[in-house]
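Each in structure tokens, the structures are laid out below.
Paired with chain B in one complex and with chain C in the other, chain A is shared by the two complexes that follow.
Up next is the complex of A and B:
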């Protein structure tokens, strides 16, 4: 007698005959995976709340600015000072998301699994840096672009502020790179995510406070030139000073910055320092 | 066919010599790499993956020099580390898909391979849940899956049975056997527990203090010493004395009498002695030589 029963056929192990792409493709996949993760995509709902909230806060002034332009026929918020005005939001975004990118792989020792594959330390660090930089760039460049498109549509009297817009987008790239390198370096030295968040926030508050206090003291004692230098301690004013030097936009602070190539050189030096720290941290982690 | 070979491989750290003039060859199938903790097993694997430069000597994996062709080796080799290496907030599926992509598989292929391999290692519905809630046995399966997901030609398993209970250990060993036999992927598996390797390995390499102690097929290990274990209800001493009189090599180990097999006659001698002394025989079994014994023997 035959009895019909459902059978699951075990087709056995099948070998993979398809393409094996190289390092570049793995690094691109890691970059995309990281970038999505920064905005909470592919993660839990809870992980999406903070990034999306911060994106909304970043875009809000741009929308308001468009409304002002449309209704009052007045130029809205200036492009060149958007980053400095919104610096707290950028800092919170960096503090909340940079540790997510680097801390878990160090804390849970996932890094050896990457390194036992074609991915190298530099590929890994590069992917994380590009992801964080891109995320910060989007966070700032999207509202700027929304505002610019709005300005073109509203068609204010006089020429559009295209020069300001381009200047602000270029400095957005610089600020994204600067913040990403500092944020990832700080977060990579504190593998616990909470500590990473705290250290990035502490860094932001410390640099803001120190530059603010020194500036006020030096201005009140009449040393305006020295006061300009102390502003460069804050990463946001540092990039603003480079923007001023490159594009001649009005400074976001009242007193102005030191002239010449120094702000740009300091910016490059800080980025280089942060990246050196980040890479040496990973070289050490890789060899242990 | 030689899968990997080292020649005079030496690795010195500032304070210790991890590998000392190690020369081994490994063929296809499952090879056990045995040594106490600190014998240099993990260091050897790192050198073979091209992640750590050797102080001197050569290492070749799948015909590629580990010192210069590390990236190529890592494309076709899998690695399961000894330590915990799983992020708790991802599901096994997400994690293994990601790791497949990191090995260079396109996204769709990565998804298919991850589903396949997770089924093979025995993770079913639970693979959609975050890894943080998994048992040790399940974690070890995920670690094995990520090492196999890109269908490597060779896989390094560093202490895969660590921390598992006896059942989990048996399951993992059976899985390793399948990887070598059924999947056709060569395996180099390390352990400091020798007994478990004789169940799954075709070949065993024993290293101690970073140097080769012995390398041979599994059969040779277990043939070297053949003995039978005898257990009787009472009267172990008289039995031992009687057998010793007859010229047999006997040793009392607790309630068990171990008798070295000299010839077929040894079995008859044991049977006759038990009958003559009118003892109740509880157990008479062949005791296989243990790989442990190589540590007691002089190096072959």
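Up next is the complex of A and C:
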């Protein structure tokens, strides 16, 4: 037998002895990291191009509107229909960024690594949801705010449209929450980013095309009441109908929406459904 | 054309979740046509609107995206394209084979349901069903080639394709008439207009431009994709 000469060297490894910040801090860090990632911050230059291009497209009409207000002394683009007018840009932003938030972690199966820390499944899903909602909120609220500040500075004759501005910011929050929950739920069902982008954009295009086609056909056959309901299929018009009910702003479509609490209830039901799907998807992913 | 590559690509396209989108979208198109027939009765104007804004305006670009990028982009993304590229098969043959797969999927999942949807609404009246099916077929082939090229060029192929279809063909094409000349959707409508005799429908782009444009775009995209695949770099983007 040879003599055992193996020894354990002290390579100077030290334990972490600083403060442990716990679950809340971990969830907040994950939220901030996800929010930065949505805009491509902390990622490669190529990852920044698309989000910032879309941000620029979103702000452009607001800047044009300020110029119109300053030069022509006329009220610019209305606040309450900004989201509906820019819906394609919002949908592309959601479709391109929601899969980034959920797909890589599912694809490389790193979820157990997150969950081995104090973060729970709900914290993880919540962080992703808050990040996407905040990103969409900023994307829409920044141009609105820029336009409002511009309007105050230009000082048009007549009172500023403060009520419209507040109404549109509140419904921006609703639209951000609705889009984020639907987008993340759809994107989380495939670990492939490309397919996730395609599914989210398919959802948007499909719902808006269906609502548009049925609206046109029902109006042309003289059934305006039913036509109002079909508009609610599109997520953007659904939130607009809630805004009309809450704040009395003019509807972004020509025909108006069904009255009463139904649009708001449908909105809540859709958000609840999407969140349930998202959470159950992650419970399954966490247990496998 | 390499049958083994085609076989593998078909299996990848039809065996995963991708098939769900490929099947659900055309099914939804036919279902919407059926519902419209129930509520509005068969009408030529409705059929033309459904075909223009839904079949050619929504479903066709979406399926083009799923099929065109789906045949090659996932393999590039996870690096398994290396196994294919290291075989003694010329790269243009690989792209051509993948294009044939995508184009055949477009014929089955885009052109055929377009015909069915129009047929459900108004049968073969005024040649609308035939016209739009032919338009969807040819434009679907062009979409397949262009999105396949995008899949080779960039890892954000689907996003860029969506931006093209929504912003350029949808938003810009809606306001700027000149932009419609360079829109694959509009070429599909030109072909449909040529075949159909419907009074409800007038295409913006002449057929004399649309057909050569489809051929040129398809061939150029395929040649360029084949060239790009010869010097493909697999270094990660993120």
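As a convention for this text, the second predicted complex is superposed on the first by the 277 of 288 C-alpha atoms of A that agree within 3 Å, B and C clash if a C-alpha of one lies under 4 Å from a C-alpha of the other, contacts with A are read in each partner's own complex, and residues count from 1 in each chain.
FYI, a contact is a pair of C-beta atoms (placed from the backbone, for glycine too) under 8 Å apart; a residue touches a chain by one contact, two chains touch by 3 or more.
Source: prediction; values computed, not measured.
Peer 1: Using the superposition on chain A described above, determine whether A:190 touches chain B (first), chain C (second), both, or neither.
Peer 2: Once the two structures are laid over each other on A, A:190 reaches chain C alone.
Peer 1: Using the touch definition from the top, say if A:26 reaches chain B (first), chain C (second), both or neither.
Peer 2: first
Peer 1: Name the contact category of A:275: first (chain B only), second (chain C only), both, or neither.
Peer 2: Neither: A:275 stays clear of chain B and chain C.
Peer 1: Looking at the overlay, what does A:77 touch: chain B (first), chain C (second), both, or neither?
Peer 2: In the superposition, A:77 touches no partner, neither chain B nor chain C.
Peer 1: Output check: A:16 vs chain B and chain C. Expected answer is one of first, second, both, neither. What do you get?
Peer 2: After superposition on chain A, A:16 lies in contact with chain B alone.
Peer 1: Is A:221 touching the first partner chain B, the second partner chain C, both, or neither of them?
Peer 2: Second partner only.
Peer 1: Who does A:202 touch here: chain B (first), chain C (second), both, or neither?
Peer 2: second
Peer 1: Output the chain A positions appearing in both contact lists, the one against chain B and the one against chain C.
Peer 2: Touching chain B and chain C on chain A: residues 43-44.
Peer 1: Give the list of chain C residues in touch with chain A in this complex.
Peer 2: That would be residues 17-18, 21, 25, 28, 32, 35-36, 39-41, 45-46, 49-50, 53-54, 57-58, 62, 65-66, 69-70, 73-74, 77, 156-159, 162-163, 166-167, 170-171, 237-238 of chain C.
Peer 1: Within the complex, which stretch of chain A touches chain B?
Peer 2: 12-16, 18-23, 25-26, 29-30, 33, 42-44, 104-105, 108-110, 112-120, 286-287
Peer 1: Please give the residue numbers of chain B that touch chain A in the complex, ascending.
Peer 2: Touching chain A from chain B are residues 49, 51-52, 71, 74-79, 81, 83-89, 94, 98-99, 101-107, 109, 113, 116, 120, 146, 150-151, 182-184.
Peer 1: Which part of chain A faces chain C closely enough to touch in the complex?
Peer 2: Residue positions touching the partner: 43-44, 46-47, 50, 57, 88-89, 91-92, 95-96, 189-190, 192-195, 197-199, 201-202, 205-206, 209-210, 212-214, 216-218, 220-221.
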